[in-house]
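Chains: A, B, C and D, in written order; residue numbering restarts at 1 for each.
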Amino acid sequence: MNRINQVFKNSKDILSIYFTSGFPKLDDTLEIIKELDNSNVQMIEIGLPFSDPLADGPTIQKSSEIALKNGMTTDLLFKQLNGLRAITDIPVVIMGYFNPILQYGFEKFCRRCKNVGIDGLIVPDLPVEIYQKDYIKITEKFGLNMMFLITPQTSNERIYKIDKFSNGFIYMVSSYSVTGAKNSFDEYQIDYFKRINKMKLSNPLLIGFGIGNNNTYKTACKYSSGAIIGSAFIKHIKRNGVKSTKDFISEITE
Amino acid sequence: MENFNINKDGFYGDFGGAFIPEMLQPNIDELQKNYLKITESTDFKKEFNKLLTDYVGRPTPLYFAKRLSNKYKTKIYLKREDLCHTGAHKINNTIGQIILAKKLGKKRIIAETGAGQHGVATATVCALMGIECVVYMGEIDISRQAPNVARMKMLGAKVRSATSGSRTLKDATNEAIRDWIANPIDTHYIIGSVVGPHPYPDMVARFQSVIGYETKKQLLEMEQTDKPTHVIACVGGGSNAAGLFYPFLNDLDVEIVCVEAAGKGVNSGESAATSILGTEGIIHGSKTLLMQTQDGQITEPYSISAGLDYPGIGPMHANLFKSNRGKFISIDDDDAMKWGLMLSQIEGIIPAIETSHAFAVLEKMDFNRDDIIIFNCSGRGDKDLDTYINYFKL
Amino acid sequence: MENFNINKDGFYGDFGGAFIPEMLQPNIDELQKNYLKITESTDFKKEFNKLLTDYVGRPTPLYFAKRLSNKYKTKIYLKREDLCHTGAHKINNTIGQIILAKKLGKKRIIAETGAGQHGVATATVCALMGIECVVYMGEIDISRQAPNVARMKMLGAKVRSATSGSRTLKDATNEAIRDWIANPIDTHYIIGSVVGPHPYPDMVARFQSVIGYETKKQLLEMEQTDKPTHVIACVGGGSNAAGLFYPFLNDLDVEIVCVEAAGKGVNSGESAATSILGTEGIIHGSKTLLMQTQDGQITEPYSISAGLDYPGIGPMHANLFKSNRGKFISIDDDDAMKWGLMLSQIEGIIPAIETSHAFAVLEKMDFNRDDIIIFNCSGRGDKDLDTYINYFKL
Amino acid sequence: MNRINQVFKNSKDILSIYFTSGFPKLDDTLEIIKELDNSNVQMIEIGLPFSDPLADGPTIQKSSEIALKNGMTTDLLFKQLNGLRAITDIPVVIMGYFNPILQYGFEKFCRRCKNVGIDGLIVPDLPVEIYQKDYIKITEKFGLNMMFLITPQTSNERIYKIDKFSNGFIYMVSSYSVTGAKNSFDEYQIDYFKRINKMKLSNPLLIGFGIGNNNTYKTACKYSSGAIIGSAFIKHIKRNGVKSTKDFISEITE
């Protein structure tokens, strides 16, 4: 069983942390993973930086820009990840825009993911229909889970379709917004969380976008299997350094 | 027979589609489902045509350029999009999209702009309809295109600075998309060229196709045939070209010529000749040719003309290139500037620098006496006067 | 019945004529003798109409301004001369005169210009015909209208600085006349408004009358009548006004409204409201109303718009004023600027500041629901962006 | 008999000097007339300065501008000229553009001319036809001569008409040009002088425009009754002062 499916089976209040590889320093990738593992997060999302991250807010944009300036490349990420499974057992997914993956070669990309011990992919600009048509065979061949997003605007019909093609969890985007931390959720968001929960999907849900403190984390856990945090974590390590990861995580989870 | 139009899945051959984040899916779905239903309705057509006629100033003339024709010993016609309200073809599309947006019940418009022509055209139709307008523009473009920024503000639009990435058109587009993600219900995004996710390339091409259809009709009156031998246009994103080519796409007797900006030279590292320098990939939601690193990072193009300085081309053009249906020629800054001056002095028409690129093919291709060549005179040069002045030390 | 057209001696009532030095007599004689013969010939009309259509972009739309009409509870139409090639009505006249000049065998063109619009329009038609062009422009105007100077140079014209007197339009006109005196045989002088010695006022009015005739025809289609209740235009020299008014001059059901520039206020000492501040006299060869000292020295007018900043008005307008056939309203800088912004934001049309003056009468006159008001939208505001920017701190 | 007609009857090689009243100093008018009288010129043309002297070249333009800046007005000129006939007996004409005269009132202008002893008028932008229609009666009433210009372009028919309405002399403009001094005449100009002479006009001819040295003066005298000098004289007194008038005149006539 894939580590992702496992973690959802065994844990609740899952905290999944996103970071951009190559940021703040080019070689911080494994260091950050070690810190996250030590901090007892349940899942890690490694961002493959892209020049045009159009679903991301300023924090992740900036981190991607710096990562690329630092010299981050797809090949280098895989080289760094060669040591991945020596340092952690928790599920690790790569989150990357479609174009860099396409240029690398989708199949080659998946193969290397498999080889270094990556468990799944989130590709925000790869629509489920195209995935279904052209790529599902490849991810399945390499045993990679594919996770898709849903938003407050996604129709029920489409949610069921996404549920069908997702494997691991469904990334429930909390609001109409690009990434970036907020202090709380409003009632419309809560209604939306409730509505989705009622749909009894086959995949568990993780709530992402706008989570950055204990309050939003707790609320997310109430209405789903857990939360994904990106911008808030990146801001934290930018300010306090990679070594302060544990402080951040304990503040979130308390 | 090959068909160079879009297919039912939103692709031109291998290119096109809608590679968009889930957050945009409802908006794009709404458009995909409605765009043809609305734009093909009598109601829409009536309003669209009325505004093109009474407000934009269509039909624009098809002008026989006598002195230029004599000089190059062939028949040269200029389709005068420079005479459109706001000074370029861009407004054909914004008129279409604003009516569509109204019919979809949208209350707010966003747009991206590079040189500012599309931003001005968008701000204009928003003023016309009394709809709120936000235009994203790269921080660098804001400072180098001050007059168009002023025009947008005169027209009541908010101009927001895109401060990420290379702070030019590509980043303004990213910012507009991010705004749309954050405002999916009341906002319509007016894209300025035949780029972006399906149905934008097809929708914009259809709005611009008035250029080609008028040309056919006018040519029939002037030359007793509605078939030119060549249709020639500059390609930034590709909308003015798509508009002129549209009725001729599947008529193989008509040679299609796309003119790209070579910048300081195709191999100089400062160029925007996407067909030569680009490879297949995804940009702004569309599979097409684009300039990128081996790693799939989108690179910053360069051209003296801000409107050609986009790292991709529309999927229709990518398909014209790959299938060899279109001939692609790239023209460097110096040649373009020379032709801007030439057209000014031989025909009394100061073209936009984008447009100037197209004319430079007169010295790159051979034409026969009887050829009928249509140039899309996509815009006027008023916005480029500073660049011309500095270049020629006038 | 009174006739507000020119009489056979070249006068409108008391105004007009040709008060010129003997040195100009042969040139003026040649024009007086030939202008009607040539311009009424089929040959001329064919070429004129063809260029107006294919090159200038005529007919310009008659645009029903819906939002403006709603706001002022009346029917407001804009005659879109701003859409003409080069951006104002001025080119209608230069097209006519360049064909005339060719038919008279002239090899060289001179012109005066203030804001540069007429200079650009003249440089344009000279480039079109491949004829040498010299444009006189006041030294001060050259420095404050840099973009239009650049346009003229792009078009291949020589721009000569008038360094005498107040170094603005009036002095540029003097210089052009001096050039003509020195080059009477091969040179034609293209005057830019309905001013100067007979036959210029009539000739220019006839070339511009296409504005009014098109309006009639378009109105008939849109309102089932070819009679508006009001025709309104700004008056610098008066050519755009003359062009719109022309078919309505003797139709007393149609109210004629001339809008002059009050500058900083009619009594501020910095104004161009000739009908109020002017007295009868002779300027540039024509008897008319002009601003002058008691001693007959011509004074320098002031307006924020360079195109209205002429110390006289054409003799047709002087006669409209004296006979009460026309209503004269003067609008100050601030009102004009406010209306430039207003029209931009309510209709998406940035007008030339000259044109903005005309719209300001909407708050100076009362109109009925059923009135049909035609504004001559004489030019676009691109040339005035700097002034707008600085004024509104955009 | 008017002083102008007299001088043509009695003299040849007539030298008529133009100067702008109010230049270089506001009150130089009588002073300059005195100097000219002392230098034995045969006729004087007083320029009434105008803001827009469109038949004049840069020298006279500039002098007019300065004169107006100095405060010259029509009224003031007539006041200054009250002393005219106390200091000279030679013919004096006023050369002025039509608008200032019109504003003053044509009849009033003529009356004051008569009163101060002016002998005639040159109004370059008053065409002979309008003069004939509206003004001839007035000039005749005050015994003022009216002189008109002809140019190389003037048709024979028109020259005869001008001859008919001129009284005193015909001002033969030497070339296609505004005022301003030149060094010599070319063969086309000579041909033109000859052509006009052959026409046997009833008025004598004076050649003006472009005369400024002994050479051009001599040539003018050869083909006409004399010469009119304006720009060259103005340049001279501007540089050397009013008192140097005599030097200028003797250099011209030698």
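Everything below uses one rule, namely that a residue touches a chain if its C-beta (ideal position, glycine included) is under 8 Å from a C-beta of that chain, and two chains touch if they have at least 3 such contacts.
Since the model is a prediction, treat every value here as computed from it, not as a measurement.
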If a chain touches subunit A and subunit B alike, it appears here: none
Starting at subunit A, fewest touch steps before arriving at subunit D: 3
Euclidean distance of C-alpha centroids - subunit C vs subunit D, Å: 37
Inter-chain centre distance, subunit A versus subunit C - centres from mean C-alpha coordinates, in Å: 66
Pairwise touch network: line, ring, star, complete, or other: line
Those chain pairs that satisfy the touch definition: A-B, B-C, C-D
Parts of subunit C lying in touch with subunit B, wherever the complex brings them together: 53-55, 57, 60-64, 67, 80, 82-85, 87, 123-128, 130, 146-147, 150-151, 153-156, 340-341, 344-350, 381-382, 385, 388-389, 392, 394
Touching residues on subunit C, where the partner in the complex is subunit D: 17-23, 25-26, 164-165, 170-171, 174, 177-178, 181-185, 279, 281-285, 292, 294-299
Parts of subunit D lying in touch with subunit C, wherever the complex brings them together: 50-58, 61-62, 65, 68, 73-75, 98-104, 124-127, 130, 148-151, 153-155, 158, 162, 173, 176-178
